[in-house]
Amino acid sequence: MGQVEARSAPGAQHAADERPSEPALIEAAHVTAGYDNRREHTRLIALRDVSLQVRRGEFLAIVGPSGCGKTTFINLIAGFVKPLEGSVRVRGEEVTGPGADRAMVFQDYALLPWRTVERNIRFAMENRRGHVPKAEQAERAARALRLVGLTGFEKSYPHELSGGMRQRVGIARALVTEPEILLMDEPFGAVDAMTREAMQAELEKIIAETRQTVVFITHSIDEAILLADRIVVISKRPGTIREVIDVDLPRPRFDEQSDVQRSPRFGEIRSHLWSLLADEALGAKQEGATR
Amino acid sequence: MGQVEARSAPGAQHAADERPSEPALIEAAHVTAGYDNRREHTRLIALRDVSLQVRRGEFLAIVGPSGCGKTTFINLIAGFVKPLEGSVRVRGEEVTGPGADRAMVFQDYALLPWRTVERNIRFAMENRRGHVPKAEQAERAARALRLVGLTGFEKSYPHELSGGMRQRVGIARALVTEPEILLMDEPFGAVDAMTREAMQAELEKIIAETRQTVVFITHSIDEAILLADRIVVISKRPGTIREVIDVDLPRPRFDEQSDVQRSPRFGEIRSHLWSLLADEALGAKQEGATR
Amino acid sequence: ACGGGGGGGGAAAPNAANKSAPASAEDIDATIDTSKVKHTLVVGVDNPYYLFHEDILVAQEKGYFKEVGIDNVEIKTIEDPLPALIGGSLDMALYDSDTTIAAAKKSNTGVRFLSVYLGGEANILGVGKGINTAADLKGKTITGGQFNSRNDAILRELLVKNGVTPDTDVKIVSTGGQSNERLQSVIAGVVDGASLQLRHREVLEKAGGKFLFEETRRVPQNGWAANKLLTESPETVTAFLTATLKARQFITNQANKDAVLALMVQKGFDVPPEFADAYSAENAPDYHVADGGFDPADMDKFIQDQIGFKSVPEGTDWRAYTYLEPLWRAQKILGLPFRPALGNV
Amino acid sequence: MTETIQSPARTDGQQIETIEVSKFARFKSVGITVVNLTIFFTIWELVARAEVINSLFFPRATDMFAALFNGFADGTIWPQLSHSLTNFLIGLAISAVIGIPVGLLMGASKVADLILSPYVWAMTSLPRVALIPLLILIMGFGNSMQLTIIVLSAVFPIMVNCMAGVKTVEPSLVRAGVVFGASRPQIYLKVILPYTLPFVISGVNQGIARGLVGMLIGELLGGGGNGLGFLLDRAGEQFDAPMLYATLILLAVMSVGLVQAMRWLEQRAAPWRDISRA
Amino acid sequence: MTETIQSPARTDGQQIETIEVSKFARFKSVGITVVNLTIFFTIWELVARAEVINSLFFPRATDMFAALFNGFADGTIWPQLSHSLTNFLIGLAISAVIGIPVGLLMGASKVADLILSPYVWAMTSLPRVALIPLLILIMGFGNSMQLTIIVLSAVFPIMVNCMAGVKTVEPSLVRAGVVFGASRPQIYLKVILPYTLPFVISGVNQGIARGLVGMLIGELLGGGGNGLGFLLDRAGEQFDAPMLYATLILLAVMSVGLVQAMRWLEQRAAPWRDISRA
């Protein structure tokens, strides 16, 4: 399926080949993960033999077909899913459960419906781990809300918001604690193109300031290229790492002056990614046809 | 805010000006809609004075910033939200509630969690209105599942699917009844670029066959141009119709041979839309800054 | 009289005393050492009807308790006072003799039966409107309470005595609850007849019914019992019986009816005319036993009957669970003859 | 965090309007209730007057109200009512404090469920009448015995409903709780409890209903000589049907009142559940 | 619908593996329960032997089991148990058939709630003991009276829980139902009922518990002279503590058994609620 050619494509390198000198912040080694179905006594393998290292301060984007195991991968790092084989380590320690060092933007938002927007955001600051002094909470929450453009909706409940607004509350909640690792599962999927672009720019700025490490799932190829230091392409289920692509574009990419999107390198990476993903879809299609 | 200039922009025309000879299938006349907040004794106006006509067989796309009232508009047509002022008519009759002629893809999927994928799809066929004979149901469901690429997951429950897979179940459920009017609220928001493109092509094909009327909300400008006959741009809250753009590109646009995306007209419409939307965001930004 | 197994340590003292029952009047101590008497008592009765409260209230009112060194007696109305008596939250309890004796045997505690309160048992078939003779009963539905209970059995006897064959001439049903619920059933016509209490006569007659058959038997049906108090302060038991028997002498003197009823009304009891009318029957000296005593033969028969109904365990000798010295002392103090006679138990 | 995207200002006169929330809805509720109860008591009165059922068992509504009025006027009712009410509220509070956490725990932990379930269900379906002798034996007549009966009656419905509720909790919300640093107790307090609030409230309401019955039985059989149970007992003994029904009405009023209070509390605590009803 | 996107074939050996669902979990449950009950009865036996509580009120567990065994052996228990069980199941079925729809209706319609609530809550908190005379008056001593008591005991907890459940229904699911052509009854049956199933089941379980108590009271006071209530009454009269406790144990077994059956039913009906417990 053209995998061999892809290996030699420009900017492409395999996770397994890579041995950075600095110890990895997040390290997945030969991880296989799946879900048991007790009704039918089967196990669906979502990810198979995935090895990957994420350096401190790196922005890693994950792309791949729907249902290939991206959320599963992020959940492995978060500690919600236990690997069937292999191990996931953060700072060298095996992940046994969630920690306050890893905040998450959930694909389904996971807002607490009984809390107003503001109190949902404060939720991230008021708990045992990751506690922020009371005095600071209000100010931080207001800043996060301004950031996602929801000033004025502090007192609204999630069910009184539009889908995109809910998603932005989820983003604000994750950003507000300034965690070391930020796990973002399609965080901008429900917002419009303009808001999305503005928020991408914000995110780049924040990351540059805080040096947070980000694992970012997206369905937008452009978004992945614009934001990421590296892009992992996951193959169709059972998900394996198809390729890891270095995005060697200069930063900041969202500066007024910068015109990264029109640079030839952007176009190069973009079409390489497209072909990789089309391959996946095509492979699937052929498989379906021959069945 | 550049609204006057926009009126004279290429391909732009205002709904109010438009008087098609064929009677409109869906007609919104000076619709204002909002949500009451009883706690604070306020009413949030989501849409103000919106007038729009949708012809039979037309594919209408709606774009606009997050929270501008797109879902509210689709809910008005579906009959879930009652206008505060003005009226919404389908086939000349005032909408008083939902009907089986209007199927919907919900922004939050709204799958029944206690039903398997297959039984969720059958749900659309087994009820009083829109009933499909039992014998036909299985075959239709299988076809719809194949269409959205979920063959093999018939017996899975929604919570056992990835986000994108759930969304596709919602699409299959809406398509399976072949309703006269298809209301789609960001139907492809959670699927990857490739799957999205394939499904856009499917949708175009289906529409061409069935002559369904589609109202389609999207955050992707490209998607709107590729699919729609007309695109409605809604301004920031309170949503008003900023502009209605005719997409005069030839069909089919997803044919192997067709290369619509690289046509100059596509680029023209695209940049016009971008500027319209950027305007909205900019306006908002300035407003925020001066506060 | 040979006692059964008087197990518990607390039970030993009174039982032993009972065995070496005083043979002559001289052995009975006719004085109360008030310094040994508990000042406050908590006693339980099982019925809110005034009849079961009047001894104490009269004794209190007339100062009889003060005379024997008791300051205050608190009455608890409780359906089944035995758990409380055994558990120790009651000093004395007024309850069915047979049940008390059965509990004393089965629980192996120091519970002892002391003195009879009601020595008569009214066996009455009250019937609704339209039934005037035994013949009218044919095919009717009547109830004597729960099947296999004493009430049920004696009602059957009453029927037989009056020439009615239970289960063929009449249909007998089993019901729960107390006699006043049976009265309600008769009045409402749910059943045509039921065994009732003396005090229900007026209510029934007002509703058009009547007492069809009626007999009163001599049955030591209920009385006072004590448990821990017998070891803690036997003097108090004597004092209590003395004071209440003194009150009973007053109450059973029919001349005092109005005074007693007035007192009871003043104490918050509702005494409608139909209850007042039953006074002479219910407070007759041999019904509301004036001296607190009984005839051992009656007790023998009663307990034997109850063994038949299984409400008293097989082989129970009531004498082993009865302790009469306080009663005898009280009787002597009040100048009453000893009953049961000394030595008879 | 320097530059920010701005949503349109929400205070913008264009998009926020002030509305008047009509008081009519409230009046309507009160109106319906008044009409409803009027019809009820009228039918009661008519049925009683028609003497379909013997008045010994079914007095006229007017006689019942008269008994109620007189009872309050001559001071026979109030001390008993206040005794019952005080006792009951204490008992209910104890039940909630025990029942809610234990129920949530049983819902969340399979082992706790497995171990406690048999006892909980056995106790829930045990008639309290059967417990009274044992309780009196152990505790005597003190108020503590009556309180115990109330707690034993109310605590299990609460427990059982809380247990059922936990299983409905959206797992992604628990995950969100964990991700944002909530400890185990915080998860219970801030995620599981709010989510299961309707179950909890429904459980407490059932606890109220059963607790009231328990209270009555405790007063009837526990020999305290006070409380509504005592009134009921005495009225029964004296064939005072109006008073008997008056006592039952008081009980019903207590029940409905407390349940309404719980609903009010629920609405306070959960204004987000403003679900439009069909 | 011509060409289609294909998801990777799910039957692909690479992605689906067969697993063995260990029977161990089930054995573990049974094991825990056995140990649990053994400990319970052992403690019971030891406490009883220590005579902390008088054996008249607290017999030894072994005596209780002996009474149970003898009762079954000599045929005194079975007819009563079967009478009670039959009656109870009929009563419970009637309660469910009435309680579930009415409860759902009350949950969905504010007016129905407003009108019915006072009566429902009054009835829920009314001691059934107080109803018996009236019921006997109206219905006589037939079995129908005993059934009525069971229904009156069980129906309200069911109703009340169903009512509470409806308010939690996700409105978007109701919308989906309406959009896809469901009529009002279909919405109730296909959306509201499945969504509120945990509430319904919990309500039925509470109904089981209260219904059993009602059954007992009906048998105790309703005078049929049969059923577990009769056994209980007789054991009480005869100070037969082992038999009394044996009857209560039977009651507990009925309760726990029925509740387990409901759980099993729930799991059958709702395999999707496979929520992992903490």
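When the chains are written out, they are named A, B, C, D and E in that same order, and each has its own residue count from 1.
The rule is simple: contacts are C-beta pairs under 8 Å (C-beta built on N, C-alpha and C of every residue); 3 or more make two chains touch, one makes a residue touch a chain.
Worth saying up front: this structure is predicted, and the values here are computed from it rather than measured.
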{"item": "Contacts common to chain B and chain D (chain labels)", "value": "A, E"}
{"item": "Top-ranked pair of chains - ranking by C-beta pairs in contact", "value": "D-E"}
{"item": "Most distant chain from chain B, judged by the mean position of its C-alpha atoms", "value": "C"}
{"item": "Where chain D and chain E are represented by their mean Cα positions, the distance between them in whole Å", "value": "20"}
{"item": "Centre distance in Å when chain B and chain E are each reduced to the mean of their C-alpha atoms", "value": "47"}
{"item": "Gap in Å, rounded to a whole number, between the CA centres of chain B and chain A", "value": "27"}
{"item": "Where chain D touches two or more other chains at once, by residue number", "value": "4-7, 9, 53-54, 57, 133-134, 137-138, 220, 271, 273"}
{"item": "Set of chain B residues in contact with two or more other chains", "value": "67, 108, 149, 151, 195, 198, 281, 284, 288"}
{"item": "Of all residues in chain C, the ones touching two or more other chains", "value": "83, 86-87, 184, 188"}
{"item": "Pairwise chain contacts under the document criterion", "value": "A-B, A-D, A-E, B-D, B-E, C-D, C-E, D-E"}
{"item": "Parts of chain E lying in touch with chain B, wherever the complex brings them together", "value": "1-7, 9-11, 170, 172-173, 175-183, 186, 190-191, 194-195, 197, 269-273"}
{"item": "Interfacial residue positions of chain C with respect to chain D in the complex", "value": "42, 44, 48-49, 75-84, 86-89, 180, 184, 187-189, 203, 207, 270, 272"}
{"item": "Chain A partner contacts - residues on chain B that touch it in the complex", "value": "35, 37, 40, 63-67, 70-71, 107-108, 149, 151, 155, 160-165, 168, 186, 189-196, 198, 219-221, 274, 277-278, 280-281, 284, 288"}
{"item": "Residues of chain E defined as touching chain A within the complex", "value": "4-9, 14-21, 271, 274"}
{"item": "Chain A to chain D touching residues, read off their complex", "value": "78, 80, 97-98, 100, 102-104, 106, 108, 110-114, 123-124, 127-131, 143-144, 146-153, 157-159, 173, 177, 195, 198-199, 201-202, 205-206, 209"}
